[in-house]
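Sharing a structure here in structure tokens format.
Chain nomenclature is as follows: A, B, C, D, E and F, assigned in order of appearance, with residue numbering initiated at 1 for each chain independently.
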Amino acid sequence: VFDLVTFGEAMIRLSPPYFSRLEQSTSLDIYIGGAELNVAVTANRLGLKTSFVTRLTQNPLGSMLANKVREQGVDTSHILWTEEDRVGLYFVEHGALPRADTVLYDRAGSAMARIKPRMVVWDDVFASAKAFHVTGITPALGRNAVEATEEALRKAKEADLLVSFDVNYRSRLWTTRQAHRILTPLMKYVDILIATHEDAVQVLQIKGKTYEEIARKLVQSFGFKVAIITLDSTGIIYRRNLAAMAFHGGHIYKANKYKVQVVDRIGAGDAFAGAFLYTYISSRGDVEKALKYGVAASALKHSVPGDINWCTKEEVEKLIVTGVSRRVNR
Amino acid sequence: VFDLVTFGEAMIRLSPPYFSRLEQSTSLDIYIGGAELNVAVTANRLGLKTSFVTRLTQNPLGSMLANKVREQGVDTSHILWTEEDRVGLYFVEHGALPRADTVLYDRAGSAMARIKPRMVVWDDVFASAKAFHVTGITPALGRNAVEATEEALRKAKEADLLVSFDVNYRSRLWTTRQAHRILTPLMKYVDILIATHEDAVQVLQIKGKTYEEIARKLVQSFGFKVAIITLDSTGIIYRRNLAAMAFHGGHIYKANKYKVQVVDRIGAGDAFAGAFLYTYISSRGDVEKALKYGVAASALKHSVPGDINWCTKEEVEKLIVTGVSRRVNR
Amino acid sequence: VFDLVTFGEAMIRLSPPYFSRLEQSTSLDIYIGGAELNVAVTANRLGLKTSFVTRLTQNPLGSMLANKVREQGVDTSHILWTEEDRVGLYFVEHGALPRADTVLYDRAGSAMARIKPRMVVWDDVFASAKAFHVTGITPALGRNAVEATEEALRKAKEADLLVSFDVNYRSRLWTTRQAHRILTPLMKYVDILIATHEDAVQVLQIKGKTYEEIARKLVQSFGFKVAIITLDSTGIIYRRNLAAMAFHGGHIYKANKYKVQVVDRIGAGDAFAGAFLYTYISSRGDVEKALKYGVAASALKHSVPGDINWCTKEEVEKLIVTGVSRRVNR
Amino acid sequence: VFDLVTFGEAMIRLSPPYFSRLEQSTSLDIYIGGAELNVAVTANRLGLKTSFVTRLTQNPLGSMLANKVREQGVDTSHILWTEEDRVGLYFVEHGALPRADTVLYDRAGSAMARIKPRMVVWDDVFASAKAFHVTGITPALGRNAVEATEEALRKAKEADLLVSFDVNYRSRLWTTRQAHRILTPLMKYVDILIATHEDAVQVLQIKGKTYEEIARKLVQSFGFKVAIITLDSTGIIYRRNLAAMAFHGGHIYKANKYKVQVVDRIGAGDAFAGAFLYTYISSRGDVEKALKYGVAASALKHSVPGDINWCTKEEVEKLIVTGVSRRVNR
Amino acid sequence: VFDLVTFGEAMIRLSPPYFSRLEQSTSLDIYIGGAELNVAVTANRLGLKTSFVTRLTQNPLGSMLANKVREQGVDTSHILWTEEDRVGLYFVEHGALPRADTVLYDRAGSAMARIKPRMVVWDDVFASAKAFHVTGITPALGRNAVEATEEALRKAKEADLLVSFDVNYRSRLWTTRQAHRILTPLMKYVDILIATHEDAVQVLQIKGKTYEEIARKLVQSFGFKVAIITLDSTGIIYRRNLAAMAFHGGHIYKANKYKVQVVDRIGAGDAFAGAFLYTYISSRGDVEKALKYGVAASALKHSVPGDINWCTKEEVEKLIVTGVSRRVNR
Amino acid sequence: VFDLVTFGEAMIRLSPPYFSRLEQSTSLDIYIGGAELNVAVTANRLGLKTSFVTRLTQNPLGSMLANKVREQGVDTSHILWTEEDRVGLYFVEHGALPRADTVLYDRAGSAMARIKPRMVVWDDVFASAKAFHVTGITPALGRNAVEATEEALRKAKEADLLVSFDVNYRSRLWTTRQAHRILTPLMKYVDILIATHEDAVQVLQIKGKTYEEIARKLVQSFGFKVAIITLDSTGIIYRRNLAAMAFHGGHIYKANKYKVQVVDRIGAGDAFAGAFLYTYISSRGDVEKALKYGVAASALKHSVPGDINWCTKEEVEKLIVTGVSRRVNR
């Protein structure tokens, strides 16, 4: 009985230490990551029972990925194992202004990129599940992955699950034009849509003079239950005051940013989605509260090395209630 | 012949590297710390001859603590050694906004927490000493520690030492109510009182509309020679302009903050106390100068990893004279 | 439905890097360990479904322990959580001849040391379990722990589980005399007994001229189904030829040592027990095969840093079949 | 004017620290490696002017590889750069007995695996070169790589270069049967053949009762100028007394092993080949001397972390003259 | 045929990790540095063919320096090697406000400090070179170094090279008065002069009310083709808006600062010089463009650990075109 | 009141990690060392009150040296401080067979190499001291150092101290011929002479067919109270059975080797000397016992990273009584 099932690629992430360029590095720190994996972890840490579905090559890197998913309490029993293909990798180089964070993907030919429809037995996975989440990265992995994503979304809908989708456009994987063509037909399965302002405009091709207008048009165009606009694709919450907004039931909900000191911005958007889903599902649809939890979890994620949001529900709630403090907790 | 004797717990401090959460860490950096130890080190580095009194279990962790105190030039000949109990530990997790620094104490059952009156032969220790410093942490360690602290303060007073006390309220050790009940009767032994604004109000229960009023009332209520208010318990000198003030001989003295980039704020208050005492003692009571040295030493401490303030007298004095500079010293 | 349940203390293990003395170290590597935990992990990695029962303090160190148990696939749903007490620690200093490996325990006052009877609801835990394993360390943790261990063994027996017990005498926790007095009455619940030669003689007080005689007498005196003698408490398999033997059904079974290069000998005995139990249970009582798997898993453990035996069933089986090879696997 | 040109894949090598299993690791050390690259480096360090030819993807990992080849003084001007494909990786897990060193290749789809005939302009590369070296790994990379290797060997022969070939069979890349079928037709271009005893028998299918007989038959069957048998594919020089032998001009030459303490055996065979070629070329064909240099360089390589043999000509010559010493050089 | 030759000391740089004070450190990270070396590297990375001339002691530290110069593609064939003297070292302690970065030089007695005239055969070096760059550090190394610098500048001028000079005053090596006396007579050889505002005033003793006036007077007084004023000796580009200006052909050119987050400011000035020279030479004298490239390269350098500017031409050009972005490149 | 005063150079030691070659390293571990310093530390750890006399440059490296001497409890009040010269460094590269450990000294121009007679006020230092120890390294540092050593030895003798001398020949500092010429006249001040077999023969030019004969002749030729021959200059105790012997009062005393696993052999000879002196002085001349303590301390030193022997008196005594054990101490 899973509250939430997510579906996507899990990768080994390799990062040079402390602002070192990849080209100059002599060692790499190992983390794990993947958008849907990150969402499952945050949702699980906050309180949902989640399962992560992916395809992995059976070798020490594949085992490491499954171990670390399980370490977070997320179910791994539906992971598909193969002797073929490879484990996807990616390299994250942390930038300091004026140098931006840079991601070098090395995921071509991974087991998940070669997923095909009917590999996952969705009827089993969804047997007693409540919600399903996937992002625009999964269909971007390859031709068969598009079909496999469509199958998953369709099956989720048929099984009457709440369906959540984060656009998560990645320019290293496809063009906005390709993304538009592939993603648009999938929108009909989606209940909760999460998109950055840019992705809404460029990928979903919704135009509007204000964020509010875009959010409203998203709901009107695609029939979402909830449409969420996050306002900075590089971390949601940096600098400007508004962090995220949601349109739901004719109302606009907003949440403001927290002051953050960026340690690692990768995964901040996934922390938002995971915390939003936890709150939305456990509160039975309180969008305002879910937005608050999402923004707070995302802000906390910026302070943690790696993709994974190693924060607790207590920390998220304390941040919402008391705000940012420089006090040492002792 | 010690210029200054301090008395308290010394602990092994274990810190995850570079903003890592404790829960996710795979290694820990070793430091040492303890409020009264930190004060002794700063005072000694600046020029006082100091001795640190504590109780330690005889094992490699206890030896490490004594070694590192001695490394700083502080006398360790009055440390009490036991085969029993354990060495106190604490874990410091460095936060990045909006996540605060967090301290996890693991000091229950330590040799110092089980100190009892008459274990230390104060008549020997104070034989030719000039000043004594202790903080509110020592009596917070346990029932016997209260009595042992009272004994030390009383003996110091009887031996005609200058007595300094830093309130240093720690919410993980006791409530403000308990602290008030235990600390108030000890104030009669104290010449120099150091307190954050919050501790003055909540623990010593002195109310006032201005910092000046609180400082004055502290002197009036308890008969201190000098009462010092520091204005941010999490680092003294962050953000607002005023860093610390002192009331002495009917006058108010003030010192302003320096711009700091926080590497490690733990021990900044102790650096203040250590530098204040060094200057106060070596200048024979120049409160204004002592306040300046205290604030400068505390500002420098923020830039150094660990509790210990690895700065020199030359650096403190250069900061006072020339202010903050971004120039590379070369 | 667990194939195996184990019950004992889980500790954070802190080790200085590469032969550094604890007293000289500046960082510590974090591992987890605990005899019964290690057994559960090896059994689980080889193929059993296992659950580990312990008591943990709810803080980042406690979470880390549970996470890492779960990372190995071991069930953690029966762990007891408390806000009180502390998480046990131990420090492992790796020696190089003539300096021996040294363990410094810092486990006094831990949540598991304060376990009491009736805290664990054994009827639930054992509802559909097949086997139970505990070692002599658990009752050595304190007075209440003795009763709690007796309760667990009794309940296991009542629930008709296969009961396994490893004597695991630790001189830093109690004397052989105390161990003898406490452990002897527990032997009546035990089906499979594992003991070093020294523990059989000094703790269980069985004398004999040969290992065979001691093993036989153990079975005769206590009525075990299987009695296993391992021949070197510091690693089972070092140097002399015989690694372990078992007496079962009137027969003696033996297994020889492998040549090992010691990276970390801690946990080698637990790897033996875990692999023995896996094989014994999955083969429905093949003692000869179980002995072989136990010795091979233990030999492999010596090559792995930390308590945990990060080896696979394939590696254990390959070692049994092809023996030791220096060839690079490529 | 290159004394030696080598041709093969260069890979980023990632290794867990100090005997850690890959599955348990949290960081990886970065090295570079590749059989032909390693040979070029050793030959260059000893005194030849060498050029390394490969195909690399233009990204920070590709740049790192070229940088580190250049760091060793090896010419990189003939490296082919592409925007496509990926940089090959491999993971080396250092074993401790009874656990063997394990290599996990992640080189599928690399730029070099996709090399095709006519990509390298061999007429330019060989314009004024003296010798060419390649190993059996290069044709094992893929169908086109076979043709590209054949082209390189043929062009080298046409340009009248001395041609050296190391069989270097890798079971993770192909079967001995495939290797036999592909490599046999290439032997006609080869002047100097290097093979382990196993590779001579299983890949080249030369049978003989003694090593001498095999070496002689190799020369007879394929018309090599020199045939070299190395006696342990996992490091050439371990344990048994004979390290390598050569058949040349009707004579057998032999070289004995040195006592080695293995830090990293990867690349030891390449160090042999590089030092043999350096000596053979610079001495104008002194096989006996070349064998000695090869074995000494290979022995020294075992003491150095990474694939690269960071030793000097002086160290190789000192070892040959004075043998192994435990004295500290001070 | 070198586009650019530079001449100066190369040193091993040793830095404590992450803001640690040198006095408290237990390990040091190894980098290489030296003003003229850094310039050669940046110019080479951007596209010039450069050679670096220095004098080095033949030992592993000297080899390391030459290796790492070669790693960057810079020619090392004119380096002078000696069995005598030592390799210069320097220690860089990274500060956090209010503590400044501190450099401890340990370069006395180095092979380069003992360079003498006629050691370098400049006629060979300059045979087909286009430009020469040296800084005020080289003549500051010692009496003979002054003559050797003069010789190099004279020979460069005689060979009709473009001559570039960066004042680079270092107070730990000499006084401004000494620098003035030594450097002034060298200015007659210089075409391109780079100086901080302070160095122009204090070392070259040019006074002016505005930066523009100083730049113009530099050209008037010494007859430079181009005079460049950089506005912050500690990093060129911090805080105030103007980064650098140049006076050339009667015109003033200016370039503004980028927002930077300082990881390592050492070498930022050299990155400016290297990128300026690359652009100036490759564009045949476009001062405006060269200033832009210089400022952008210098800004990027601040984000990279070590002296070396591990950035690419593409990154420099992208920064100029699109400005600073916080977006993750993915 | 010092039981033992030692006099020599203290250096910062920099070592690449885990068998890395210096040329390939990217970080260095910091230790301290120096023969006489190491002796003082071992003697102090075992129980003597010792003072170490040297000359140091006042900078963070000099402070680090003094701190770490003090950390060991050794008195530093007689260290001479100067603003000039530099702090000596040395690099230790750990070898694995067939590659030997290699030391690269960078001590030319150090403050101690420039010591002169009358800098140390020996009358003060020796006021109430009992013994003095120096090695052949101190006079090897330079011309003035010879005189300074002679002065120290003469003053020690005049003050009636027990004088100990370890020949400690270093081929990187001088030839055996120079050493012979300088050291021979110093022997008249010496009571206890420690020499390796090679140093006795080559430096002191004592010939003999047996070790016993050499030891006896040393006493006869120079009038020592005790002459000690250690049998392996690279670690005293490796492989052959006899570790050290002493001739005293007409008797030969011998001590055998322990089996050792070498982690770091630097400082093993100094550990011998320190433990010998501790035992000799505290037992009032028991040569047999002192030899045993010396050999045991030296054996333990091999297991500890760095020059310093971080072992305790209890560990030395346990090794003597119980011999080598592989048991984990738990």
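The working rule: a contact is a pair of C-beta atoms (placed from the backbone, for glycine too) under 8 Å apart; a residue touches a chain by one contact, two chains touch by 3 or more.
Note that the coordinates shown come from a computational prediction; the quantities given were computed from them, not determined experimentally.
Chains making contact with chain B as well as with chain D: A, C, E, F. The minimal number of chain-to-chain contact steps leading from chain A to chain E is 1. The chain with its C-alpha centre at the largest distance from the centre of chain B is D.
To fit its Cα atoms onto chain F, chain D must turn through 120 degrees, a value rounded to the nearest 5.
Although chain A and chain B carry the same sequence, what matters here is overlap: shared residue numbers make up under half of all numbers found at their interface. Centroid analysis (C-alpha atoms only) places E farthest from chain C.
Between chain C and chain F, the centres computed from C-alpha atoms are 45 Å apart.
Centroids of chain A and chain F (each the mean of its C-alpha atoms) stand 62 Å apart.
Shared interface positions of chain B, i.e. residues touching 2 or more other chains, are given as 18, 21, 23, 26, 67.
Partner chain D is touched in their complex by these residues of chain F: 18-21, 23-24, 95-103, 105, 170-172, 232-235, 238, 265-266. Taken in their complex, chain B has these residues touching chain F: 67-68, 70-73. Listing the residues of chain A that touch chain B in their complex gives 17-18, 258-263, 296, 299-300, 302-306, 308, 310-311, 315, 319, 323-330. On the side of chain A, the complex with chain D involves touching residues 14, 21-23, 25-30, 59-61, 63-64, 67, 86-87, 89, 91, 93, 104, 106, 108-109.
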